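Going in written order, the chains are labelled A, B and C, and every chain counts its residues from 1.
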Amino acid sequence: MVDYVRAQERRTGWFLTIPALLVLALVFAYPILRAFWQSFFTINLGNQLTPAFNGLGNYIRMAQDGRFWNTLWNTTIFTVATVSLELVLGMGIALVLNQSFKGRGIVRTIAILPWALPTALIALAWTWIFNDQYGVVNDLLLRLGLISTGINWLGDPTLAMISVIIADVWKTTPFISILLLAGLQSIPGDLYEAQAIDGASPWQSFRQVTLPLLLPQIVIALLFRLAQAFGIFDLISVMTGGGPGGGTETVSLYIYSTVMRYLDFGYGAALVVVTFLLLVLVVAIATFFLNRSRKRASGAV
Amino acid sequence: MDKKLELVDLRKQFNAKVVPVKNVSLSVGSGEFLTLLGPSGCGKSTILRLIAGLEQPTSGQVLINGKDVSRLSPGDRNIAMVFQSYALYPHMTVRENIASGLKLRKTPSGEIQTRIQDVTDFLGLHDLMDRKPGQLSGGQRQRVAVARTLVRRPDVFLLDEPLSNLDALLREHVRAELKQLFGTQNTPVVYVTHDQTEAMTLSTRVAVLNNGYLQQLDAPERIYMEPANRFVAGFIGSPQMNFLQVPCESRRAIVGNHPIPLPRGANMPTEITLGIRPEHVHLAQSDHEPALDGQVFLIENLGMHNLVSVRIQGQGEPITVRAIVGIEHRLAIDSTVRLAFPPESIHWFDVSTGDRIQTASDSTSVVSPSVTPTSVTS
Amino acid sequence: MTTTVPESQPRSAHQHGVRRIVLPVAVVLTVLFCLAPILWQLLTSFKTDAAIAEIPNVYFPRPDQLTLDQYQKLFERRPFFNYIFNSFLVSLASTVLALGIGAPAAYALARLKLQGERIMLAAVLIVTLFPPILLFLGLLDIVRYFNLGNNYLSLIIPYTAINLPLTILVMRSFFQQLPKDLEDAARVDGYSTPRMLLDIVLPMTIPALATTGILTFISAWNEFIFALTFITREDLKTVPVAGAQLGGASPFEIPFGPIAAATVLGTIPLVLLVLFFQRRIVQGLTSGAVKG
């Protein structure tokens, strides 16, 4: 007998899902597939933007493109630095927010504020904070006597990188704190009580209870942040525009100017493809660790 | 007996391994209160959902008033159901909850008014009508859920563990209330529970299910007195029936030093399963009574009685027999007792199939639509 | 056991002492860390030009160093309310669309066992990790093809799409928690599937829709790269892009005051959202990320 209940369920199911699938296909699948296709063509001002097949030409050019390798290096530094700093800081804040104290609700609200604000505007605020003449960072350092003249934070490649890293850490640490806090709250309190009865110190219970049980959340936060940091655009674009001298130019910024400034669509597409593949690789590695940590966590409890 | 609801060879198969309902046939007449009883996973809830039309049977039919409704959607079957969680719509008032099914059936509003009036009078819900379910206590919610089904005047009432979300005290109270309430209805009720007390107290008939098969369908007292097989015997009754697997010799079962004559129904087995409920085991009054010697190793106080666990040394492994003994006996741990098994209280089961072996005291017409996986093809 | 009790007594007392000092310090540091940059920008926006340029910096301005001039200058330069209106319109429209398209899909993925369900879920999860830079090139094609440049739709459609994965994940985890009995009861009552979804499921879904909608709104309000690329007409720009482009007449004259004012105005709607819906935001973020 035909199961009409299931058949009807299926029909309804597809009817409800198809609009979402179409939108996702249009905005996610099409651009990526299109980039793969375009990456085999030369489409730039040199040929009046009429596509000319170029085989792997764009990829060969990329291999020899010093600017590309520089941006990849910058992206890696930015990603590794921000994500690891955010993880440590986010964990600290999550631990604080997990304590009970008066006004905890307000502090929690304050603690997610940076995450919610528009990155582009926040970048403006940090540009002002790092301003060489009137910036508050220099002012504080001068008052403390740590420096004698103002530092041109955004005018030096290394310092500019440090500045954007600090701004990004400020902006996205709350995201990690929220995830880790949720994880902390799901750890049953009697585990800590058992540890206390066993005579464990706070540090020991952190190592033996908190960290292992929090591992899944940590890896998830890591996964999201890795992907976001790898594609960073707005913050750096507004704060330094990739300068000075390409010192803070990331892959995203390079893709954007390749397409929008030099109108080199074919090469831009190739850059998109490579960035996409690198991202997939990073995510795959992180997912592998995620699965492993999940297994371990569930084995531990 | 008129058959208001009939299940014909009903089977539900989700995949090759998961077959929650295996060719179940039964019928319910008007005024009957049928309970589907069994452990979790026995298929009782699936049967109820098949009757409701929330699931589609893989094969077999559901007949209501003689009409095949197997292909009708739940809304077209004229059945009403009380859910375990009550499933009251949280955003509607009690009145809207009760009226929703009638409104969808385009019942004239005057008719809706009178029916709601009748039911609220009957259940005493007047003060609650404009509240939302979130503002009601568990017992009140349960009542509203029942009102929602009564107002529909369906062909069959279906109740899915409606008491399991209530605390113990309230449960007893509501149980009595349900019995009175549905006693006044002439509409058949199908009630699902895993609680044998509910099944025994509420039902006119009980269907015991296990592993998707119907084990026994009988009046509650018959289920207790003459369980159709070992599963039913062990599932019904608390504390659980004692089972002893004993050797047989020349139509006698050897229990300790006292052979007990086998029932008529038994052909010449070498082994047989003897079952006796703890409440039927008693301390031997005289040496002439067939009895077993054993040593008390656990005493559990049940108030009026003690549940005494006795270890009996047989030929092989020691066996444990539990007996309910009046507290006046003042037994102590490690004391030696003689346990007597009154022959009229003994149940006999086939060792391999688990089926009941008829005894002289059994009522002659045992209608057990039984039973084991192998004999189910009927 | 008994021997460890006297030992642990003084230690736990000691721990409490440490806690009493460390915790308040940590709380204050957390608050400072999160608020200081915002407060500095707020302060700057209310200072006179002279106070802004005073060295060393003015942390506690005198009354005569405070002014609303920066806001006035901002509005003289740019139609800032226009930007806010644009941001509001685009964010609201894409939020409504994302919920309207995403919630039904989430329901289907939570309740109706579809073939390929796992693949769809995996795809949705992976897509949440795509940075927009990977999409803008292909979207540029689409925008050109349909001639959508300088049209709100060029933002509404991508914003809807980039918010769909989160919407689907959060709503799906909500639907999974919803007792199925209610839907069964509705079907026994005689509701058809569409009416059941509208009359029974939807009203119960409103809190979850609100939670998801807040997240969607925030992310649409903050989006930068599509807004930068697809909108060039001044009166159609959104707040982040317009704010970022608040340059001076020359590259050397940067209008810090008006920029600070723009930051404050552009963030106020989001600050309000966070103040009122802190709990929902946290709940939505965690259910979207963790349970997915």
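Observations, loosely collected:
Everything that follows uses one rule, which is that a contact is a pair of C-beta atoms (placed from the backbone, for glycine too) under 8 Å apart; a residue touches a chain by one contact, two chains touch by 3 or more.
None of these values were measured; they are calculated from a predicted model.
When every chain is reduced to the mean of its CA atoms, the largest separation from subunit B belongs to A.
More contacting C-beta pairs link the chains of B-C than the other of the two pairs B-C and A-B. Among the chains, the centre nearest to the mean of all shown protein C-alpha atoms is found for C.
The centroid of the Cα atoms in subunit A and the matching centroid in subunit C are 15 Å apart.
Subunit B and subunit C have Cα centroids lying 55 Å from one another.
If each chain is reduced to the centroid of its CA atoms, subunit A and subunit B end up 58 Å from each other. Multi-chain contact residues of subunit C, defined as those touching 2 or more other chains: none present. In subunit B, the residues that touch at least two other chains are 53-54.
For subunit A, residues touching at least two other chains, in rising order: 6.
Across the complex, subunit B is touched by residues 179, 181-182, 184-192, 195, 200, 203-204 of subunit C. The part of subunit B that touches subunit C in the complex is made up of residues 49, 52-54, 73-76, 79-81, 83-91, 100-101, 104-105, 148. For subunit C in complex with subunit A, the residues that touch the partner chain are 4, 7-8, 11-12, 15, 23-24, 26-27, 30-31, 33-35, 37-38, 40-41, 44, 52-53, 55-57, 101-102, 104-105, 107-109, 112-115, 120, 123-124, 126-142, 157-158, 160-162, 164-165, 168, 193, 218, 221-222, 224-225, 229, 239-241, 243-244, 246, 256, 259-260, 262-263, 266-267, 270-271, 273-275, 278, 281-282, 285-286, 289-290. Residues 6, 8-10, 12-14, 16-17, 19-21, 23-24, 26-28, 30-35, 38, 92-93, 96-97, 99, 101, 105, 107-114, 116-126, 128-129, 131, 133-134, 136, 139, 142-143, 170, 174-175, 178-179, 181-183, 196, 199, 201-202, 216-217, 220-221, 223-224, 227-228, 230-234, 237-238, 251-252, 255-256, 259-260, 265, 268-269, 272, 275-276, 279, 283 of subunit A touch subunit C in their complex. For subunit B in complex with subunit A, the residues that touch the partner chain are 53-59, 70-71.
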